[in-house]
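In structure tokens below, several structures.
Two complexes, one shared chain (chain A), two partners (chain B, chain C).
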Partner chain A sequence: MNATLKINGTEKTFDQGLPSTLTELLAQLEINAATVVAEINGDIVERKNFAQTELKDQMAIELIRFVGGG
Partner chain B sequence: MMPQIFHELKSAVVGIAGLGGLGSNVAVSLTRLKVGKLILADFDAVEESNLNRQNYFPDQIGQHKVDASLTNLRRINPEADLEGHKVRLTPEKILTLFDGCDVIAECFDRADQKQMLVETVLSKTKGVVVVSVSGLAGYGRSNEIVTRRISDRLILVGDTVSGAGPGVPLTAPRVGVAAYHQANAIAEVLIGNAGISHDKNRE
Partner chain C sequence: MIILSAKKPQGGKIAGKEFDSRLFVGTGKFASNALMARAIAASGSQMVTVALRRVDIENENDDMLAAIDQTKYQLLPNTSGARDANEAVRLSRLARAASGIAWVKLEVTPDPYYLLPDGQETLKAAEILVKDGFIVLPYINADPILAKKLQDIGCVTVMPLASPIGSNQGIKTKASIEIIIEQATVPVVVDAGLGAPSHAVEAMEMGADAVLVNTAIAAASDPAQMAKAFKMATEAGRIAYETGLAPRSNTANASSPLTGFLRN
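Now for the complex of A and B:
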């Protein structure tokens, strides 16, 4: 079943169904959870809750990624 | 400076988390701007390898960065209201030391520390704006470093991709570009609080 997430403003369609949780989405995108701040529909999701955060069709997800240096 | 802007800056409190290439330079800029109060935090001491981009001097090697910054900032403005904390910041300490800040500048080096600070400020405080930096290593490509308003409470500076690593050094000019983007974003937030119209030409 097709489902769509809006990730950082861009629609992404998942032909094989959505990743079930935020942790699973980050794994698919090969993003290290320790270096990302996530917001869903404008609300921040704490990293400790990524694994329990279920994804649903049409969610707007902002992934703010950090690289080192300062 | 317009009296209203001066008043707004004078009553502002800004936290600076980390006093390396970003924080030491952001602190200089905000001191010159005469921001009311700065709260500085860092656990580290000045090393020789810091002098290629951080606002310290050879005779300060070995001093705590907090102490060295306080000395340097007071040379700029002896009247500056400055508070220094020699501490490794944790979520709990961020909330206590930076309590009362209007804006917190994320000036860490490590990506996971940046994540920790931004997540803590956004999830555990109300109304505090965080100005963070991601992607500033290397040299050149000045115009790839941008300031983006992610949300009401998060402003992100940087090119988002240039992490420091082997062959990608941190250099004074490019770290400086990012640090001054960060200071300028903070100025805009503080002056914007006065209800003075400012450039909203951001994505």
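Now for the complex of A and C:
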């Protein structure tokens, strides 16, 4: 079943169904979870809760990390 | 509780934490993480700023934090990109969730052309963040009244700008920074626009407690060498300030004796 997530402002469709948790999404995207913080529908998700955070169709997800800055 | 050690040329305390260096460095604009790491080491700094951005989900992201040894350096996440108080508070909370660090360099810059800070929104965000337990270091215009308000609500430093971020123009706000230094009971960190080691010396001679430098180091042809130059400049300026400069006068005062010349 098709499902969609809005990740960092861009719609992404998953033809084979959604990854069930935030941890699985990061693994699919090949992003190291240890370097990332997430927001779902405007609420911060602590890294320790990634594995328990279930994903649902139409969620807005922000994946943020540190970069160089002054 | 802020205690500043006036006797120590190299360091001081912020929010009860002791620093051996009065030079803070930014991590933006370096050509590579390796160059950045070498420059940070050469700077002698113990306070290192970082920013938060969206992960690029299409491309591989390298983890710049891996290049910064957090046992040696205090990480200072900034709120760069925030255009109002709400965005700055949101970024601060994300930074805390990402790093476990409650220190934040608060910057609210609605206009990308000059990147000048919005004092009203900065004060609003600072009030929320201090109440929320953050250690807040606000980036501000060289506005003595605003500096005092931020100090009074519990910010641990004030960080007036020398000139616009990344402009390398040096200290264009000298008279106002002098007033801020005279009135502040928290450390004053001169931030933004310091383009040459001579600018850092000038800020430290004026009595600034620290300086923050990014572009001038990162954009130099050899960032580690320039970082070393800024380290020496920051220490020289501090020693000169603590020693007290000799008085100025409008006429000459001979350095060599005027008596005993061959003429008489």
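The rule is simple: the second predicted complex is superposed on the first by the 66 of 70 C-alpha atoms of A that agree within 3 Å, B and C clash if a C-alpha of one lies under 4 Å from a C-alpha of the other, contacts with A are read in each partner's own complex, and residues count from 1 in each chain.
We take it that a residue touches a chain if its C-beta (ideal position, glycine included) is under 8 Å from a C-beta of that chain, and two chains touch if they have at least 3 such contacts.
All values derive from a computational prediction rather than experimental measurement.
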item	value
Touch count on chain A, higher of chain B and chain C	C
A:A60 touches, of chain B and chain C: first, second, both or neither?	neither
First, second, both or neither for A:R47, with chain B first and chain C second	both
Contacts of A:I7 with chain B and chain C, given as first, second, both or neither	second
Which superposed partner A:G68 touches (first chain B, second chain C, both, neither)	both
Contacts of A:L29 with chain B and chain C, given as first, second, both or neither	second
First, second, both or neither for A:E39, with chain B first and chain C second	both
Contacts on chain A seen with chain B and repeated with chain C across the two complexes	34-37, 39, 44, 46-47, 62, 64-70
Residue ranges of chain C touching chain A (in the complex, touch as defined)	26-30, 36, 49-55, 57, 60-61, 63-65, 77-78, 80, 93-95, 97-99, 165-166, 192, 212, 214-215, 218
Chain A-touching residues of chain B, taken from the complex the two chains share	18, 20-23, 107-112, 114-115, 118-119, 122-123, 132-137, 150-151, 154, 156, 158, 160-165, 170, 175
Chain C-touching residues of chain A, taken from the complex the two chains share	7-10, 12, 29-32, 34-37, 39, 44-47, 62-70
Residues of chain A defined as touching chain B within the complex	34-37, 39, 42, 44, 46-47, 62, 64-70
